[in-house]
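Scrolling down, you'll hit the structures one after another.
Note that chain A is present in both complexes that follow, paired respectively with chain B and with chain C.
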Partner chain A sequence: MIRYAARRLAFALFLVIAVSSASLLLSRLAPGDFVTESLGARASRQAIEQQRARFGLNRSFGAQYRDWLASVARLDFGYSMLYDRPVRDLIPERAANTAILALTALVCATLVGVPLGIVSGSRRGGLLSAAIRTASVVLLSMPPLLTSLFLVFAAARTGWLPIAGMRSATVPAGGGFMDLIRHLVVPAAAIALPLAAMLERLQAQAMAEVIAEPFVLAAVARGVPRSRIVWHGALKAALRPVAAVYGLIIGSLLSGSFAVEVITAWPGLGSLMLQALRTRDVYLVAGCAGAGALFLACGTLVSDLALAAIDPRTSDARAEAA
Partner chain B sequence: MGQILTGLNRRLLVSLALAALCAAGCRSDSTSRSTAGLQGAVPRGGELLVSVRSEPRSFNRHAARDTTTDLVSKLTQGSLIRVNQVTQAVEPWLAESWTTAADGRSVTLHLARDVSFSDGHPFTAGDVLFAFEAAYDEKSGSALADVVQAGGKKLVVTATDPLTVVVTFPSPFAPGIRILNDLPILPRHKLEGALKAGTFRKSWGLDTPLSEIVGLGPFLVSEYVPGQRVVFARNPRYFAKAPDGGALPYLDRLVVEIIPDQSAELLRLESGQLDMMTSEIAPDAYAPLKRAADQGRVRLLDLGVSRNADGLWFNLKPGALGGDPRAAWLQRDELRRAISMAVDRKLFADTVFFGAGVPVYGPETPADKVWYWPGLPQTPHDTAAAKQLLASIGLTDHGRDGLLDDPQNRPVRFTLLTQKGRPNLERGAAVIRDELKKIGVTVDVVALDSGAVIDQLLHARYEAIYFNADKTDLDPGTNPDFWFSFGSAHVWNLEQRAPATPWERQIDALMTRQIASTDEAERQSLYADVQKIFFEHAPIVYFVAPRIYVAHSVRVTNLTPSEYRPQLLWRPDTVAVAR
Partner chain C sequence: MTRGLGVVLVTLALLAAVAAPMVAPNPVDAHFAGLLNAPPTIVRMAGEDHAWHAPFIYRWRLVSQLEQQYEEDRSAPTALAWFSGGRLVGSPDQAAPLLLLGTDSYGRDVFTRLLFGARTSLGLAVTAALGAMLAGAVLGGLAGFAGGMTDDVVMRATDFVMVLPAIYVALALRSVLPLVLTAPQVFALLAAIFAVVGAPFVARGVRAIVRSERQLDYARAAQALGASDLRLLIRHLLPAAGGFIAVQMTLLIPAFIIGEATLSYVGLGFPDPVASWGTMLHDASSNIRVFADFPWLLSPAAAMFLVVLGVNLVLQNASRGVKSIL
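Coming up: the complex of A and B.
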C-alpha cells in the first residue's frame, strides 16, 4: 500500500511538472509576448527591448525553461510579470476561491443528483422517473456557460441574488458568511446543475443494473421491503460507477468553472488563468495550469480512496498490482 | 503676467463654442449628452459602485500602462495641470497659475499653497522634481518616460523656490504643459529611497501595505481584495475645493469592482447593482440598455462621434516583403485608394456599429472641431472607379472569372491581420474582405491576439493590418510618434532612419513647424496641409468612426461626460450620488 501511495504521489508530481512545462512552452512559442501585449502598438523598439530584457524574454526558451525548472525545484514557480509578485503567492488565494466554488457545486450536485438517480433508476417506467430523466437530459445539453448566463439573467431580473463577485463591498446584515452564501448561489448552481444531471444519469443506469442482479431478486423474494432493498442493499453496489468518475469530475470542475468564473466575476483560478493567458504572463499560466493538474491528481486520488471504501476488492487489486 | 493663460483663453473660447454645439446636438429622449445640469446643491457623501474589466497591475502608474492602473492613479494622485477632457483646455490643478516665457520654451508654474499629501506631509516643488526624476530614471524604465518628452527629448525642470517650478522644453513646443496631464506627482518622502536603490518600479506593488500608498488625489486606497475590488475612501486632506468653497470630493467612498465580462457588467447596471462602467458600451449592447433607459432604470449618454477610428494599413517598409513579386502592387498608393473607394462606408457603419457611426476619410474625425480639416475630400463609394485605379497598376481580370490578376497572371490576394476578441475589428475586417471581393481582390483575414499582431508589426512581418492606432491626445503635437517618419507609432513603416518617401519627408517638415509654432491659426493651417498629404497617399485607410455611448445609474449626478476614457470618471472629485 505504501508503494502504491508513493507511485500515486510520483505520478501527481510528474503530472504537475508536465502540464506546467507544456503550458510554459506553448504560451512562450506563440507569437507576441507579455511586453508587446502590455506596451501596445505605440511603444518604441527601445522600450520593448528594455522590458524584454527585464523579464528575461530576450533569452532562448531553453535557457528560460532551465532556470524555471531549477526554481521549481526550490518550490519557486517564477514571478508574475502582470502582478509583479511571485506566482506561488498568487495561486493559493485564487485556488482557495475556486475550491470553495467547486466543492459547493460538487456537494450540491451529489446531494441532488445521486438520490434522484436512485429514484429514477429503481422505478423505471414511472412518471416521476420520466420527469427526472427529461430534466437531466435538458440540463446535460446546456453547458455551464449557458447555464450561468441564464442564471445571471434571472438574478438580474428578479434582484434576489447578487449577479457577480464573491463578497459585497459592504458586509450586509447577516454577516460575511451569509453574504458569501448569497454570492455562491448563481455560480455554484451554474456548475452544479449540469453536474447533478450527469450524476443522476450515471446513478440511474447503475441502479437499474443492480436492481436486476440475482441478490436483489432474492431479497425481493424473501419479502424484504423495496425501500430497504434500494437504499441499503442496492445503493452500495450501485455507487461504484459514480465513485469511479468522481476524480475526473473534480478535475473537470476546474475547467468547467473557467467560463462561470469569468461570467460571474468569481475571483478564482479560472479568471486568473484567463487574464494570464490574455496578457501572455507565461509563468502565471504555467502556475495556474500546474495548480489545475494538482486538482486533477487530488481528484483521482480521492476517487480511488472512495472506490476502495465502497468496494474493498478494488484496493486489493491495485495494491497487488503495485 | 501678460502672457498668463493666453493659450488657455483662446482654447476656452473654442471649447465653449464646442460645448454649445454639443448641447444643441443632444438627443431629447432618454439618450442624452450630459447629465451635468444639476438643480440646487450637489449632494455630499455616499458610495459609488464602478466596474472595470481587469484589476490594476500596480498602484504605481510608472510601473504599468493599463487602463485600471491609470484609473487608480487618477483617483489617488494629482498632477500639476488637468486637461479638461470636454473642452480640451488646460486647467490649473496642483499648479494654480503659470507664465510662459516670450520664446515659448519655458514655463514657470506656481504651485498651490498649503497642500499636503494624504499622510499630512507637505507638498513642495521637491515632489515635482522627484516626479520627473522617476519618469526619466533609465534604471526604472518608467511607463511614463515617453509621455513627458517634447520631440523625443527630456524636459529640464528646476525649482526656484518651494512653490515655484520652471519647466524648459528642448525647443519651442506648442502643446506646452498639457503633456504634464498624465504625470502624477508622487511623494518624494515615500519613494526617494526606492528610486535611489533602483527598485522604484517595484514600489507600490499590489502587495504593498495600503497605508504606504499616499497621494495628492481625491481618494485613498482603503481596501484591495485580489480579483474582486479596490475600495477608495475620500482623502480628507484633498486640496481642491468645490465652487461653494466646500471640501471635495463629494463622495465618501468609491468601489471599483473587477468584472471581466461586459454582459455581467450590463446586467448589474440594469439591476441597480452597479452605478457605472468605466468603458463605453459595445454597439450590440445599445438596444437592451436603451430599453432600460426608457423605463427609467439607467441613463444612457450619447457622447457623440469618437475622435478615433480603426484603420487599415499595408506594410510599406521598403524590402519588407522580400522577393515577393506582389510587393510591386501591395505597396502602391493606388491600391489603398482603390480600397478606400471599394468599401461602402454606410454598409460598414451598419454592419460593424449597427448604424451608430459616421464615415471618415482621414486621421481626424469630424468630432474634432479644432484639428479636423473641413476641406478634406470625401472618397465616394465607387467600385468601377476602384477597378479602374487597380487597372492603372496592372491589376485586371485576365481570366474573366471575376478575380483580378497581376501582370504575371498571379491572383491579387493578400493577408489582413486583425485582433482576435475585438468584435468591432473582426466585423470590420470581414466587411473589408467582402467588399474587396466585389472588385475581384481576395483578402484572407487572420485574427490574432493583440500581442501577436503587434509582434508582427514590430518585425514588419505582415502584408496588411486592420487595427486601432488611437491618438493619445487631441493636439497633434503630442503625437510625434505617429506623425514623424522616425516615430514608434508611424505604423506603416516604423522608426525610419530617414524618410522613405518624399511625402513623408514633407509631413516631417510640416509637423516640425506645426509643433514649434505658437500661432494657433498657423498650426491649424499646417496641420490641414498634413491631412491633405495624408489623404493623397492614404498610408492608413479609415472607414468609420463609431459613436460613443456610456451608461450610469439614475442616482449618479454632477457628471462631466467626455469621449475619452474613463468617460464619466476623468474628474472623480466632482462626481456625486443622490442620497
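Coming up: the complex of A and C.
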C-alpha cells in the first residue's frame, strides 16, 4: 500500500512538471510572442527589441527554460507580462474560483446522480425508473457547453438568476455569500447535470448487476426486507465500480468547467488560460497549466488511494501492471 | 424504439449536410441588410380572406430600429416557389426571403447556415474520428502484438493523454499555430488535433483485444501455417477488434462536434465567413444576452444536442464498457 501510494505520488509530481514544461515549450514554439501580439504590426523594430529584452524573451529557449525551472524550485513562477504582476499572485484566486465551481458541481452531481441510479437500477420496470432513465439519456447528450447555453438562455429570459460573473458589482441585501450562491447556480448546474446523468447510468448498471447475484437472492430467501437489501447489502457492492470512475471524472470536470467559465464569464483558471494563450503570455500559460495539472494530480491521487483503501485488489493489480 | 429515433436523428443530420445546397432556401453568403436579427418567417396556408392557399409568407417590416422588433407586413403575401433555381423551396422575392430560423446579427439566414454548418462540423468530426481510429488501431495493434518495451511506452503515453482534460490539450495544441488561419488549414489542423486526443481511447481497447485474441487457437494456427506477423495482425487480429473500433469511433464523434464548437466559440476555430455550428454560436457570443432576445440564434446548440442524442440512442446498449471522452 505504501509503495503504491509512493508510486502514485511520483506520477502526480511528474504530471505537474511535464504539463507545465510542455505548455511553456508549446507557447514558446508558437509564432509571435507577447511583444508582437501586444504592440501590433506597426511597432518599430527598436521598440519590439526593447520590450523583448525587458521581458527576457530574447534569450534562447534553453536558457529561458533553465531559469524558469530554477525559479520554480524557489516557488517563483515567473512574471505575467499581460497583468504586469507575478504569476504567483494571479493563480491562487482564479484556481480557487475554479475549485469552488468544480467541487460544487461534483458534490451536487453525486448527491443527485448516485441515489437516483440506485433507485432506477434496483427496479427493472416501473414508471419512476423509466422517467429517470429518459432524463439521464437526454442530459447525457447535453455536455456543459450546451447545458450552460440553454441555462443562460432560461435565466436571462426569466430574470431569476444572474447569468454572468461571480459577484454583483454592489453587495446586495443578504450578504456576499448568498450573492455568490446565486451566481453559482447556473454554471454549477451546467456542469453537474450531465455529470449526474452519467453517474446515474453507471450506478444503475452496477446496481442491476449486483442484484442479479446469488447473495441477493439468498437474502431475499431469508426474508430480509427489500429496502434493507437495496440500501445496505447490494449498495456496498455496487458503489465500487462507481467509485472507480471518480479518478477519470476530474479530467472531464476541468474540460467542462472550461466551456462553462467562458460562457458564464466565471473568473476561473480556464478563462485565464485562454487569455494567456491568446496573448502568448508564456509564464502565465505555464502557471495555469501547472495549476490545472495539480488539480488533476490531487484528484486522481485522492480517488486512487480511496479506491485502494476500499478495494485492496486495486493496488495489487495496478502495482503489478505498473 | 428509442434506437429507431436515434437512427432517424443521425440520418437527418447526415442528409442535411449532404443536401445542404439543395435544401437551403437562400444562398449561404447572402446578407439581408434590412433584416438584422429578424425572427423566423411563419409559413402560412390560411390567408386574410379566410380561404386556403398554397403555402405563402409575409415579409418582415421593421417597427423598432433600436430593439430590432419586426412585424408581419400583411398587405403583400409572397407564394413560396418550389423546385426553382435548384432549390427545394424558396422565396421568389429577394425582399421577402424565406427565413425558417430567422437571421443573425449580420442579416444572414440561420437555417441555411445551419445546414452548411452541418457540413463543416459533421465533416470535421467524422474525419477526425477516422484519423483517431487509424492512429489508435495502429498504436494499439503494435502495442498488443509486440509487447515488452513498445507496449510499455505506448500504454504510458496513452495513459498520459487520457488523464489530461481533452479540451485543454486541444486548446494548447491549437494555439501553438498562428491564431489566424484559412478555413482548409483550420479543418486539417483541428482534425489532426482531435485525432491525437481521441486515438488513445481506441488504442487501449485494441491492445487488450489483440493481446487476448493472440492466445486463441485460430491465431496460433495461422502462425503455425506460416503467416507473417504483419499478416497475422492485419488479417486476423485487427478484424476481431472491428466491433469495438466501430463503437468507440462513433462515440468520439459527439465529443469532436462539441470540441469544434468549444474552440470556435472561444475564437480559435474556423474564421468568420465559414459556417460551422461553433462559429455560429461565436458570432452571437459577444453579448450573451442576445440569446435571450433572439432565441433562434441558439439553433446550432439545439442541432448539436439532437445529433449527440441521436448517436447516444443508437449506441445505447453497444457502448457498455467503453470509455467516454466527454
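Throughout what follows, the second predicted complex is superposed on the first by the 299 of 322 C-alpha atoms of A that agree within 3 Å, B and C clash if a C-alpha of one lies under 4 Å from a C-alpha of the other, contacts with A are read in each partner's own complex, and residues count from 1 in each chain.
In the analysis below, a residue touches a chain if its C-beta (ideal position, glycine included) is under 8 Å from a C-beta of that chain, and two chains touch if they have at least 3 such contacts.
All values derive from a computational prediction rather than experimental measurement.
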Taking chain A as the common reference, can chain B and chain C both be placed on it without clashing, or not? Answer clash or fit.
clash
For A:145, using the defined touch cut-off, is the partner it touches chain B, chain C, both, or neither? Pick first, second, both or neither.
second
Go through the superposed model and pick first if A:205 touches only chain B, second if only chain C, both, or neither.
second
Please indicate which partner A:296 is in contact with in the superposed arrangement: first for chain B, second for chain C, both, or neither.
second
Figure out whether A:38 sits in contact with chain B (first) or chain C (second), or with both, or with neither.
first
In the overlaid three-chain picture, which partner chain does A:275 touch, first (chain B) or second (chain C), both, or neither?
first
First, second, both or neither for A:83, with chain B first and chain C second
first
Between chain B (first) and chain C (second), which, if any, makes contact with A:58: first, second, both or neither?
neither
Pick one for A:71: touches chain B only (first), chain C only (second), both, or neither.
neither
For A:166, select first, second, both or neither according to whether it touches chain B, chain C, the two together, or no partner.
first
Considering only the listed stretches 45-53, 135-143, 189-197 or 279-287 of chain C, which one runs into chain B in the superposition?
279-287
Do chain B and chain C touch any of the same residues on chain A, and if so, which?
30-32, 149, 152-153, 156-157, 163-164, 262-265, 274, 278
So, in the complex, the side of chain C touching chain A is made of residues 2, 160, 162-168, 171-173, 175-179, 254, 258, 261-262, 265-268, 281, 285, 288-289, 291-292, 295, 298, 301, 304-305, 308-309, 312-313, 316, 320, 323-326
If we count contacts the way the header does, which residues on chain A are in touch with chain C in the complex?
15, 18-19, 22-23, 26-27, 29-32, 137-138, 140-143, 145-146, 149-150, 152-153, 156-157, 163-164, 194, 198, 205, 248, 251-255, 258-259, 262-265, 273-274, 277-278, 285, 289, 292-293, 296, 300
Touching residues (chain side chain A, partner chain B) in the complex
30-34, 36-45, 47-48, 50-51, 54, 82-85, 89-90, 93-94, 97, 149, 152-153, 155-157, 159, 162-167, 169-170, 262-265, 267-268, 271-272, 274-275, 278-280
Please output the residues of chain B touching chain A within their complex, sorted ascending.
47, 49, 54-55, 57-58, 63-66, 141, 145-146, 202, 205-207, 225-229, 231, 255, 257-261, 263-264, 267-268, 270-273, 448-458, 467-469, 472, 481-482, 488-489, 491, 494-495
